[in-house]
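What follows are several structures.
In the two complexes that follow, chain A is the common piece, with chain B as its partner first and chain C second.
Our next item is the complex of A and B:
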């Protein structure tokens, strides 16, 4: 495929690529002065988001979420356990975030990525403090049996905004999860009910039918990066590596602030900048909520 | 043979990647390389170093798996098997002093994960543009109730009959991988090998179609 101008274009192309690698900040600033980013987005726009529910058939609930190229797959598995003595009426939620080596050229097998435990802790703190799930809904028989929900979030492609995608994926999976119908048999153990058991009704039904969890207020987030006086929403991995000041804001669907995270960075932001970030997050939360609702209603139609 | 589905280019950050589904078994593979060797002491001056890591997601099997401490022996064994199988077909002498990493993640396991991983790895290598002698395709064959069965799923596998995993280079008609457990009468082995070769060739055809499709797409995007 040779076009007459190929050599000229190629030489200027090579220069651009080299410039991008050698002087990333200057390359970036050249774009910022035109109010655009290297991938063509306006500064305050987030990337295309898509949510697919039910991708893992063997799990009780699952969601695959993509924000731009960042891909996260969450699956929820429910197991029966004995609740602790202090909280006999409550189930338990265990959140685990994994970054396997396939997600990024920087992650090496055997050595967990730097971001992994950070995002993992942030996620569990956010989800438990937001009050989205009432653990009493996970209880089966008070003091004897309750559900333990294992949430496993796997990053399949790490291209920036890991926390946002992981949170959206966890929330989407929780909105999709169906608690299976169970009955208690004569030994006092909980067994999964199949359709035939239902007709026999020999065992005591503890959980009548598959039901979903009621989610009270859903936490959704947006990460912004600050550079001089610019605020950019939803960074890619390249942008995150050049600019070191990140701000992550988590709002819930009622508009309340759940968490604000600014781990240092060279830019010391005035409160006005933080307020701008909060405004951007508010907009984004509305968008995300509509995506979630769409995905859920699409599942219901099926 | 169960329904096969494959997709190239799933992981944008990787040099080459692919998702391969055989029935309910779903596997994602990513190739990074050739790139600089991370551990200088392992660098080979005449060929490339190939590393493989196989891991299963916690939710991939029926009951949630807990990772045993000290490394999972089965994962290590399968990583080794995949590495040796693909090393045989890559032209390693063309890329000395470099490293190629292949990472395979099992998202859903329903029997035949080894084969699905090798097929996904082949596709990922092709996507990364790494020179190979031929595609490596693999499938498993079992023998229950005097019938050879192609592509066992988990239920058939747990029935206790022998399980033979075969990996071949279809055009060259050479066998790179042959693993079997349980007992199998020698005269049946002929039949079983025959069946698996046919299965592997069918998979190879499908993979070739996918690669052609992908190449057409790239052509179209480049505006030729």
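Our next item is the complex of A and C:
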């Protein structure tokens, strides 16, 4: 344990990078007292966000999202399957989150990162809780054929706020996905329609043209970290490792609270802190929705 | 609003609580916690020497092993492990035994709703039984919002599945102290009003969530009293665990 006086003396002599590594909390608090963070952002501001739709041409829908340096690539692939007996007119959505070794020096190949199953489960829970997708839209022929949508999210760069970026990228890909046109041929199997078949109309058309999914209410999130009485929005990986109390709030575009996730942490969250975080999230949801709409309208122009 | 619950409870009524400590003889601490039909067994082993690779050796580390009642360990179990780990890391005083690992093994015996709060309560009782130094106890509760916007506490599995949304909330226990209340407060709220952990499922309005928080806080008093009564040492046993 270091003697307080020794660190006081050291801190005036040690250069910035070393101080940052040796006394991360004090480095951070020095910035907080000036109402700024080490990367120059004000406390409540999120990082620059960008959404690129259609990055993976071979997939039915895809999106590449960056929040600051955190980058997530989502691709959706649709396959025809027989629906289960309990839900004969519903399709299925399988969400999988992967953190390959490229994303962070902490992740080693062969051993899945600790965050992987947790974020994966959180994403599936959030998307099903929000009621964004109506699985009946994925049905083709009741009882015989339905779409199975595989949603794979790959983290390419893990720099904090993994859940936020993953959720935004999943939602962006779902807003971009086009269900291909299919027809049922004589054997009773579903085949993809190409443009020539459409003119012949020999086969029974099950799905006339490529269509998009209708999204009812879009869930969007913001992660905040709590330190003493400060609330900071959208942490980087460095900030997340120093400050252990994280709160992730997911609101949908109708203002309903889809999830308030606070897994422990030394700082207790009182009602006032929760209300502040919810207010920050509301603002952020509006921002993100406008980015999403912009990206979608840019795609339509093309 | 009158609410007809299948088992005839009132909206604020909890299921009967049952807690036994020291049920396992080889574990350093153990406890079972039952809320109605939901039953969880927790065992604590530790502190043991050494920490895992990614853990900070300057602090004691907590390891959680979650065993479901049926099936292989899946994503949900890993998530529960992470939530319990973070919750107990904030409760245990980790600076006392640096470079040690305390393992908490949680075995689900029966799941009839409010599983995570039951597990947290069981693990907390097991930690006390093992004598691990804690800052304060954790009391966990489940609040669910029904379709007609009524808030009910401690839902059974059937009620959880029908509910519009539910929230698992963990609070620190209410304190009984000789020091005046004011010194324990942070700002305008007493310490027992802050939440340690919150996990929600399903969509509800923000106001509903805040009401759940209030109801949850009001119940922590009852749960804390129950825990405290259970923690009192029983007269005949209390043989040393090392012996």
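Quick note on the criterion: the second predicted complex is superposed on the first by the 288 of 302 C-alpha atoms of A that agree within 3 Å, B and C clash if a C-alpha of one lies under 4 Å from a C-alpha of the other, contacts with A are read in each partner's own complex, and residues count from 1 in each chain.
Simple rule for what comes next: a residue touches a chain if its C-beta (ideal position, glycine included) is under 8 Å from a C-beta of that chain, and two chains touch if they have at least 3 such contacts.
Computed from a predicted structure; not experimentally measured.
Annotation: superposed three-chain arrangement on chain A; chain B versus chain C shows no clash, the two fitting side by side. Judged by the touch definition given at the top, the superposed model places A:102 against chain B, while chain C stays out of reach. Judged by the touch definition given at the top, the superposed model places A:262 against chain C, while chain B stays out of reach. By the touch criterion stated above, A:270 is placed in contact with chain C alone, chain B being left untouched. When the two complexes are overlaid on their common chain A, residue A:92 makes contact with neither chain B nor chain C. In the superposed model, A:118 makes contact with chain C only, not with chain B. The gap separating chain B from chain C at its narrowest, counted between C-alpha atoms of the superposed chains, is 10 angstrom.
In the superposition on chain A, the residues of chain A contacted by chain B and by chain C do not overlap at all. Across the complex, chain A meets chain C through its residues 106, 114, 117-118, 120-122, 125, 129-131, 217, 229, 244-245, 251-252, 255-272, 274-275, 278.
On the chain B side of its complex with chain A, the touching residues are 10-14, 17, 24, 28-30, 32, 35, 38, 51, 53, 55, 57-64, 101, 103-105, 107-108, 110, 222, 224. On the side of chain C, the complex with chain A involves touching residues 54, 74-76, 78-79, 82-83, 85-90, 165, 167, 170, 172, 186-187, 189, 191, 193-206, 208-210, 213.
Those residues of chain A that touch chain B in the shared complex are 1, 56-59, 62, 69, 71, 73, 75-77, 79, 96, 98, 100-105, 108-109, 150, 152, 154, 156-159, 237.
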